[in-house]
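In the two assemblies presented below, subunit A is common to both, partnered first by subunit B and then by subunit C.
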Partner chain A sequence: MSPANGNYKAVEQRIRELARTALEEGRVDYFIGWTAGYNESEVIPGFVRSADKVDDLVWNPLAAYNLTTFLKRKMPDPPQAKIGLAVKGCDSRTLVSLLQEELVDRERLYVVGVPCEGIVNRRAISKMFANEVVKIEVEGDTITVTNQDGETKQLAREEYLLDHCRSCKYPNPRYFDDLAGEAVTEPEDQTPMWREIEEFEALPEKEKDRLMAEAFEKCIRCYACINACPVCYCWDNCVCRSRQPKLVGQKVNAQENLMFQMVHMFHVAGRCPSCGNCDRACPVEIPLYLLHRKMNKELKEMLDFEPGIDLEQKPVFQTFDVNDPFGQH
Partner chain B sequence: MAQATEKATGTTASWDGEGRVKVVGILCNWCSYAGADGAGTARLRQPFDFRIVRVPCTGRIDPLHILKAFEKGADGVLVSGCHPGDCHYAEGNYYARRKLELLERMLPQLGFEPERFKYTWVSASEAQRWQQVVTEFIKGVEKLGPREGRAL
Partner chain C sequence: MKFLPQDQLEAFLAHLAESAIVVAPQRDQDGVLFFQPWEAGAEVEFEQLLTRQSPKDYVFRQTETYLKFGYEMKGKAAAEEEEAGGGKKGEAGAAEEAPPAEGEEPAHEVLQVEAVEDAPEQVIFGLRPCDARGYYQMDQVFGGYGGFYYDPYYMAKREATTLVALTCAQPWSTCFCTAVYGSPSGTDGVDLLLTGIEGGFTAETVTERGENLLGFGGFADVGNGQADAAQTVKDEAFAAIDPPFEIEGVPQGLRDNFEDPAWHDLHMRCISCGTCTYVCPNCYCFNITDEMVENSGERVRTWDNCFNPGYTLETSGHNPREQKFARFRNRFSHKFSYYPEKYDSLLCSGCGRCIRYCPTKIDLREVIRTLGQPHPDQAAPAEDGEAAGVHAQTGEDL
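Coming up: the complex of A and B.
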């Protein structure tokens, strides 16, 4: 990932301008962007419905939330609404996945692309303090964190980026109508990085089994991961809550929980670019990336496929190639 | 059960496995099931600790069915269908191939030994091949033994 230019304010201004113009011209009924949370350590999703409210929108490296999630309900509210949306690089890939399957209507969308230089791992930072963090500020390569008692700490930005931001190949949006700010330099080395996955893979089977059981024991089945997932969209028809067929029971134990997570993983296979929204949504911090990033690694090796890159591409499990390089005999 | 089979068939050729593992076979109606049936008709020596689920086409199989079998206590799952290009429904097994390959690659991540799952193609006329495939697969699973203390 390239070093931060630090022109967050300029990009923020541009997002506001684009949103204002779109709202004033009536091209969108509302704009989904990021707004300030209840203190300066957090950025939350925000819906802007009138041009005089666009100054609520913010952009800084705390804007982790993937806003595409709000589109997956097949865009209701009201059913014919035209929606404006801000997307980062990884968010845009989930949007491309939805567009590939014609799950959202391109005509009713106005997409503002935001070149992203990496999002800060707020969870890791807040764990360093005994009490509440009230302010996180990123300037250049340093993060300044302030807690409730006014105690401050300076951290290196590079070390507190989200895992998948550190190995991000696509910091610029893959699909947008207008780009807010200049595109950031994409990393020259385009080979994907799977360090955490490779470490886990190297463990013996028994150990992997134990770690999986340990991780999924904690799951409370709150469904936050599938609610936050932008590409998991069956809603009321989710097979996880169905009795017939009964793939996943209502019991909450490691086995059922892992089964539930496998349902999620297999159902988003070929759509999920590992944006990390489920990881961040998980209240008990289950390392979900061990599943979905592993899945993407395998898809890359199997079919040289990366989800959400090309709008014209057919979803990988809705098509086939007679010459697929596996299972020939 | 081994002895009963011997009696019924009047041959001494019975399976020499230990019969302590549960193996589920998911076979397509048109090729592999017919192939397995053919192996039975020809009285080829076959493992008996094997439970067959017949499906219309391998394209019908959701990888989650296989995981469910494991969750319910299977020690191994073998999926078999028509050879690519020979599908009764023309292309069902091509779709299946992608899904099953992904599953095969994901299973070690969940702590499964690779020998516990296999997908393969056996046609209706390949009774010999069926015998060989199923024997090898079950021997592999028996070597590992029943699954214990598992995450899934």
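Coming up: the complex of A and C.
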């Protein structure tokens, strides 16, 4: 990942201008971007319906939420709303996955691409204080954190990025109509990093079982992960909630919870670029992102496939190639 | 009022653990704070204000097993089935044709049912007054208030539970208990209230159950100025919360604004998961399922939530709350309008977890501010045509 140019304000201004123009010209009915949360340590999804509200939109390294999620619910619906949407690199890959499978209508979309230099790990930061973190500010390579007593801490930005940002290959959006700012330098080494997965794979089987049970024991089956997931689209008809037929048990325990998570992992395989929206939505902080990361590693190694890279790419499970790496075995 | 020196805290926990399960806030492997059964030597964390979830699971279990059951074949057919190497229920057709011999039982299926009772003595230690108030509010629902339903499963656990609450010294920006008739040192549902001051905690008994805990030898009489110090902590905490809305009139306001177009705006970023309800100390909706494997199983009650698309799905296939905005509206209306019409409280104790842990930070305070003001002169509710207009205009989703 390239060093931060810290040009967040300029990009933010550009997002506002593009959103304003799109709203004024009637290109979109509403624009989905990021806006301020309940305090200055949070940035949340924001829906802007009129040009005079575009200054509510913000862009900074707290804008973690993948807004593509909101499309899966809206796009198939009859009112034919035209939607504007801001996407980062990883967000755009989930959008590309949906477009490849013709699950959203490209004609009704206006996409503003946001070159991204990494999102900060708000959860890791908020655990540094026992009391409330009220402000997180990023300038250049420094994160300044303020708690409710007014105490501050300075952190190196590089060390407090989300895990998947640190090994991100595609910081620039893969699909957009307009780009809000200069593309950032993409890393030259395009080999994905699987360090945390390889560490897990190397563990003895019993230890893996123990860690999985420990992680999924605390799942509360709120379904925030699947509802926050932009590419998990069965939506109101998920087998995990279905009672007729009954495929996944309703008891909340490590075994049933793991079953549910496995359904999610396998069902989004090939569409999920592990953007981490599930992981950040989880209220009990299960490191769900690792599950999807593992699936991405398998796809890369077995089928030489990376989800959501470009529109022309065929969804992996709609193709068969005897020459793929798995076929060579 | 008594005083518990800091160095007596662990001994007090150990004392309580002799006769009950002690549940206290502890960090898990990921550093997240939860209420967990305490064992001697485990580190208890009282510094962080709120645990991730309220401790309601210890009384209103997320998975409550009502009973275990099993079907078994008895009589002639069953014996023959066994000889034939077993078989599935209902496949013993051939055997049924031959009448049973004299004195022999005809083939029949027997249902065996075993009740599950699980209500150990427990002390929930270090919960906040808003968490305790959550029980107080659920007690009305499950405890037969006003002649309504009495739930033996919830009440057995509740009656075996002692709540030792801890005054909040420093509320978070999402706290709003004082706006909903609560307080950082409130005592609704509480048995014993601790307040942290220099060197330890003052202890005030609220109920007889709480009084009984003072039998522990580590308590001292309150010393010079300690009661005043505790009062200062309480007053400062109360003053630190700026009530985000005026509660008077909110129940009527939500009624008046049932058809308000603002609902269609506010729900937009809601992803319809159940996080807000599952971290909430008050939400009590549940579902009942028979979990069966082959011929035996369990009848379980599990938490449900109004964002679940099947929440009000009727057997006809009709769902009065098929649209997400209607489910969204239900959560706030239930807490601030429907519940208070029936019971003697609101269904919110102002902990603010729903704001903080919502994946998209839907802000209950904003919803109540926007839609909780009564409109005495309001025109008739919107006609269907108008509602459809909103639908077309906003791209309302299903």
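Here, the second predicted complex is superposed on the first by the 315 of 329 C-alpha atoms of A that agree within 3 Å, B and C clash if a C-alpha of one lies under 4 Å from a C-alpha of the other, contacts with A are read in each partner's own complex, and residues count from 1 in each chain.
Basically, a contact is a pair of C-beta atoms (placed from the backbone, for glycine too) under 8 Å apart; a residue touches a chain by one contact, two chains touch by 3 or more.
Owing to the predicted nature of the structure, the values given are computational and were not obtained by experimental measurement.
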item: Which superposed partner A:Phe216 touches (first subunit B, second subunit C, both, neither); value: first
item: Partner touching more residues of subunit A, whether subunit B or subunit C; value: C
item: Contacts of A:Lys9 with subunit B and subunit C, given as first, second, both or neither; value: neither
item: Partner chain in contact with A:Arg195 - subunit B first, subunit C second, else both or neither; value: neither
item: Which of subunit B and subunit C A:Val263 touches, first, second, both or neither; value: first
item: Which of subunit B and subunit C A:Ala254 touches, first, second, both or neither; value: first
item: Partner chain in contact with A:Lys153 - subunit B first, subunit C second, else both or neither; value: neither
item: Set intersection of subunit A contacts, subunit C complex versus subunit B complex; value: none
item: Touch list for subunit A against partner subunit B, complex; value: 200-201, 205-213, 216, 239, 247, 254-256, 258-259, 262-263, 265-266, 269, 290-291, 294-295, 298-299, 301-303, 316-317, 320-322, 324, 326-329
item: Subunit A residues within the subunit C interface of the complex; value: 29-30, 37-39, 42, 44-47, 49, 65, 69-70, 73-74, 77, 79-81, 83, 127, 130-132, 134, 148, 214, 218, 220-224, 226-228, 235-237, 241, 243, 246, 249-253, 280-281, 283-287
item: Subunit B - residues contacting subunit A, complex; value: 62-64, 67-68, 71, 83-85, 91, 94-95, 97-103, 105-106, 108-113, 119-121, 149-152
item: Residues of subunit C that touch subunit A when the two form their complex; value: 28-32, 34, 45, 47-49, 52-53, 62-63, 170, 172-174, 265, 268-269, 271-275, 277-279, 287, 289, 291, 298, 300, 302-303, 305, 308-310, 324, 355-357, 359-361, 363, 391-398
